[in-house]
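Shared between the two complexes below is subunit A, which has subunit B as its partner in the first and subunit C in the second.
After this line comes the complex of A and B, so read on.
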C-alpha cells in the first residue's frame, strides 16, 4: 500500500474508468433529459401541426382561384384576396430592394473595414502630416487621424444599437415610418411608405445576419488573398463576400419572412382593408397605390361577426403560410447549394 | 466558377420572380379596364378611414357605388374611430367612420385645421349583454344598477348571487371590449357615467378584455355562467351559443332586437356615423357616394347584418346633405 502511494502518480485509475464504448450506457439523468427534450420538441411540433390542421380545415373550402384573383368585398362569398396578395408582393419587393443593399453594405463595413487595426494607417497619416505644410491639408489629415482614434468607440456604439434595434417592437417602427416617410419626406400613405417602413424594420436583422455570415468565412481565405497581393477591398469582394453570400441570403429571406407577417406598423402608416382599385404590381407605382397587405386583410376578416368571414380569413392565412413556406424553401435551397466547408 | 454559377442562378430566380409578377399582372388588369359603363361618368378618389365597426357597412356601400361608377376609387381603412378622426381633421381623408360622436378635442382639431364636416347617421348598434345558452342565472333582465355593481371600478363581484336578490349562486366570469375600442367607451359612458371631473368612469379591468369581439364570444361560451358584452351583430351571428339579457334603463325591460335598437328603446343603443368633410362634399363623386349611401342605408345595413338607422334620421340627414 505504502509503496503505491510513494510511487509517481502515473495513473492506475484510467484502467478502471475507461470502458469499452459498446458497453457505455446513458446515466438515468441523461436518459431523463433526453426524454424531456424529445417530449418538449413533440409538444412544439404538435402545436404547430394543430394550428396548421385547424387553419387548413377551416380555410381550404374557401380557397379557390376566384378567392386569389377577386377584389375585397363586404360579402364574404365574393371577397377575394388579390389586392392583399399583390400589396404584400410589392411590399416585399420594395423592402428587399431598400433593406438588402444598405444592410449588406453596413455589415461589410462593420465587419471587414471598421474593426481593422488602425495602427498602420495612423502611422502613415502621421508621416504624411509631418511632410505637409498647407493649413487646410493639415486640418484634413488631423480630422482623419482623429476619426481613426474615435472609430472603435463609434463602431462599438453602433454595434450595441443595432442589436437593440432588432428587439424594438414593430409598432415603434410604424410610428417612425409615419414620422419620417409620411411626415418629413412627404410620401403619401401608400405601399411605398409601407415598404420603406418594413425595410427599416428588418434592417437590423439583415445587418446582424450578414455579419454572422461574413464572420463564418475563415480569416485565412482573406489573408491568403491579401498575401497574393490583393487589397483588402479586392479580397473581400472576390473571396469573402461570395463565400458569405449564401448565409447573407438566408438571413435576408428570414428577415423578409418576418416583414411579410407584420400588421401593426402597417396600420400606423395607413393600411387599408378595402379598396375598389386593385394595386399595380409595378413597384415604381407604389407611391400612388393604397397600402394593402395580407396580414391586415386577415386581421380585419377575423374581427367580423359572421362565421363565413372566419373561413375566408383562414383561407387567407393558408395563402400567407404558403408564401412564407416558399420563401423559406428558397432560403434552404440557396444555403444547401452554395454553402462551402473549409 | 462557382460564384459565377451562383450569380447566374440568382439572376434566374429574379427572372422567375419577375415573370410570376407579370403573370399575376395579366390576370387582373382586365378587371380594372372594365370602366366606362357608368352613366354619370364620375371619377376620382375617395379616402375613408375610422371605426372598424362601421367599416363593413361603408365597404358594402363603396362596393355597390363602385359597381355603378367604376372610375371612382374608394379605399376604406380601419384605424379606429379616434385614429380616423385624427387623419380626418388633418384633411387626409374625405370621410371618417365613427362608432360614437366626435369628441370635443377632436372637433377642436378639425376646427383648427379648417375642416368642416357633416355627421351622417348610417346605422345603429346595441351593446348586447350575453351569457351562454341554457344557463339560468335567476333573472333574464338586468337593470343599470346591477350592471353598475358588476362593472364598477374596484368591484369584487364574482358570483351572480352578489349582484342582487333573485340571482343564483353561480360563478360570474366577465368578458368585454378592450380599452381601445369604441364599444368600451360607450358601455362605460352609458352604464358608469362620468365622475366629478366630467371624465368617463373606467370599468374594472380584471375581466377578459379584447379588441376582437370574437374573443369575447369565445370567452363567454367557455364560461359556466359568464357575462359578456359586444355589438349586436356579434350576438346575431352567435344566437345558437349565446342568449341575450334584456336591459332595464329605467323604463322597463327591453330585449335587444333590430327594432328596439333602431328606435332607440333598447337603453344601450348607439348610432353609427360617417363624418363627411364639407370640402370633400363639394366634389361630385363624394356627394354622389354619400347620397347613394344614405339612400340605400337600410338595405345595406340589412344585407351586412347591421341594425338600420331610423328612416326619420336618414331623411333628416339627406336634407342636411342637399343643403350643404
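After this line comes the complex of A and C, so read on.
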C-alpha cells in the first residue's frame, strides 16, 4: 500500500541510529500496474496493426494499374477506382479554393486586428464626432463607435462559436449542405455541392490552425515593422503572414486530409451514385458532375453482399490511406523544414 | 485625407482607403463562421418544425417504434442505439485510452513516447469508413467465432471500432493534462517514499482529473456523432434493445439510410432526417458544453 500515507514524519534521529537504506523490494503490485498500462497501450497498437494488415491482405491482390484507371462497373472483376479518384481530386480543389482564403482571412482578423485595443481609435472618433455636424456623417461615426464598443463581445462570440463548430458531427454539415446548397441555392447534387459542404466542414479547423500559426510569430516582428512606419496591415502582410505561412499550410493540409476521408456529409448531400460516368478534372465543370469520391465508392462496395466487392473495397481503402499518408508526410516535412524557432 | 492628430499631438499615418477595405473583408470572413452556426440552427429548426407539424413532439420523444413507411416516428429506438453504441465505445476506450495515457506520461522513455503518440493519433485520423469496413470484415467475423450465433450486424462490433476511434482522443488529451502536472509534485511524492504506481494514481491522475474527464466526455460526444462505422457495422434496422449482440440503427445511420435513397424534398421522410439531426446536434452540443464547464470549473493551474 501507499507508504506516503502511512509514514508519519519522524523527528530528526540522532546520527548514530541512522539505518542504511534497505534494498528496494520488488513489489508485485508495482510490477502488475506497470504491465497493465503497457498491455493496454499494446492492445491499442495491436488493434491498429490488425486493422492495417487485414485491409492490406484483403485488398493488395486487387490493386493494379487497371484498378486505378478503370471505370466503375457492376462487375467487381472489372470495376475501377478512377472516377472516385478524380472526384476526390476535384473535391479537394474546390474545398481548398473556398475554405482556405476565408479561413486564413478570418484567422488574420481574429488574431491580429480584432484584439487590438480600441481606446485610441475610440477617442479619435469621439473628437471627430464633436467637430462634425452633417447628419449622415454623424450617423456613420456613431456606427463606427458602436462597432468599437461591441467588437470585443462579437470576437468572443466568434471564438466560442468556432470551437463549438469544430465539435459538431460531420453528418450535420451534410444536412446543412443539403438544405442550403442543394435546397435553397439549387445546385445539383454534384461535386460542386459536395466540395462546398466539405469547405464549410473544414473552415473551423483551418481557422484554428491558422490562428495558432499566427500566434507563434513573436509580436516583436510586427512591432519592428510598425516602428519603421508600416501600417498594421503592411506589417501583418509582409512580415507576420510570410513567417506564419508554413504553419498555416501544415494546418490546411491536415484539414484537407480530414475532408478527403469524410463520407457521411457527402452521402447526405449527394446520395450514392451508381453511374459509370468519369468526372472531368476541371473544377469549373463540377456543378454538372455526379458526386464521386473515394470514400463514397468504398462505402458502396462495402455495402454489397458479394465477397468479391469486399476485396476491391479494401483495395480502395489502400489507395485512400496511401493518399492520406502522403498528405500527412508533406505536412510533417513542411513543418520540420520551414518552421522557425524564434 | 488630412492626417488626424491623436491626443498626444503627433501626426499619425493612417491606413489608406484600400487598407480599410481589406480590414472589412477580413472581418466579414470572421463573421462567416457565425453564419455557419446560424445556418445550421435555422436549417435544422425550420425543417424540423415542419416535421413536427405532422408528427406530434410527444409522440416523437415517447414512441417506441421507428417505422417511417407506416408513419411511426418514435425516436427512442434510434436514440437508444446511439447511446448503447457510445457506451460500448466508452467501455473500450476509457481503459485503453487512460492506460496508454498513464504509460506514455509516467512510464515510457521519451524516445518511445515520441514514436507511440503519433502512431496512436493515426487511429484518430482514420476515415470512419475504413473503421466500418474493418468492423464488418474483421471484427464481426472474429466475434462470431467467440459468440456463436452472432449476426452480421451487431452493436458490439460497431461499439468496439468506435471505441478504437475515440481511444486516441482520450489518450492524447489526458496525456497532455497529465504532463502539465508539475514535476515538483511527483518529486515530492517520490521523496515521501511513494512508488511510481502511487505517484501515477494518487498524485498525477487526481491533479489532471479535469482534463481526463473532459477528454472522456468529448470522446463520448464524438462517438454519438459517429456515422459510417455504425451504419456499416450495426445495420439499418431500428431496434429498441439494450442487447449489444443485436443489430440496431443509430440516429446517424438513419440519416444515411434516407439520404442514400432519393427522398424527395418536402416529403415527411426528408424532413425527418432534419428532425433527428436537430436532436443529434442538441445532444452533442450539450455534451460539449458540459466538457468545457468541467475544464473551467475544476482546472487547477500550477505554476
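General observations
One rule holds for everything that comes next: the second predicted complex is superposed on the first by the 295 of 342 C-alpha atoms of A that agree within 3 Å, B and C clash if a C-alpha of one lies under 4 Å from a C-alpha of the other, contacts with A are read in each partner's own complex, and residues count from 1 in each chain.
As a working rule, contacts are C-beta pairs under 8 Å (C-beta built on N, C-alpha and C of every residue); 3 or more make two chains touch, one makes a residue touch a chain.
The structure presented is a predicted model; accordingly, all values stated were derived computationally and were not measured.
Per the definitions stated earlier, placing subunit B and subunit C onto a shared subunit A by superposition produces a clash between them. Applying the stated contact rule after C-alpha superposition, one finds that A:171 touches subunit C and leaves subunit B untouched.
In the superposed pair of complexes, A:320 makes contact with subunit C only, with no contact to subunit B.
By the touch criterion defined above, A:82 reaches subunit B but does not reach subunit C.
When the shared chain is aligned, subunit B comes close enough to touch A:338, but subunit C does not. In the superposed model, A:267 lies in contact with both subunit B and subunit C. Shared-chain residue A:275: touches subunit B; no touch with subunit C. Counting the residues of subunit A that each partner touches, subunit B and subunit C differ, and the larger count belongs to C.
In the superposition on chain A, contact is made by A:245 with subunit B only, not with subunit C.
By the touch criterion stated above, A:302 is placed in contact with subunit B and with subunit C alike. With the shared chain A as the reference for superposition, subunit C clashes with subunit B in the stretch 223-231, and the other listed options (7-15, 223-231 or 241-249) are free of clashes. Subunit A uses residues 267, 271-272, 302-303, 310 to touch subunit B in one structure and subunit C in the other. Of all the residues in subunit B, the ones that touch subunit A in their complex are 2-3, 6, 9, 13, 21-22, 24-25, 27-28, 31-32, 49, 52, 55-57, 59-60, 62-63, 66, 70, 72-79, 87, 92, 211-214, 231, 233-234, 236-238, 303-305. For subunit A in complex with subunit B, the touching residues are 69, 71-75, 82, 85-86, 89, 93, 189, 242, 245-246, 267, 270-278, 280-282, 290, 300, 302-307, 310, 330, 337-338. Those residues of subunit C whose C-beta lies close enough to touch subunit A in the complex are 4, 6-7, 13-15, 19, 22-23, 25-27, 29-34, 36-37, 39-40, 43-44, 47, 95-100, 102-104, 106-108, 116, 119-120, 122-123, 125-134, 136-138, 164, 167-168, 171, 189, 192-198, 200-202, 218, 221-222, 224-228, 232, 252, 255-256, 259-262, 265, 273-274, 277, 280-281, 284-285, 288.
Those residues of subunit A that touch subunit C in the complex are listed here as 2-4, 7, 27, 29-30, 33-34, 36-41, 43-45, 47-48, 50-51, 54-55, 58, 101-103, 105-106, 108-110, 113-114, 120, 123-124, 127-128, 154-155, 157-158, 161-162, 164-165, 167-176, 178-180, 183, 200, 203-204, 207, 229, 231-233, 257-258, 260-264, 267-269, 271-272, 295, 298-299, 302-303, 310, 313-314, 317, 320-321, 324, 328.
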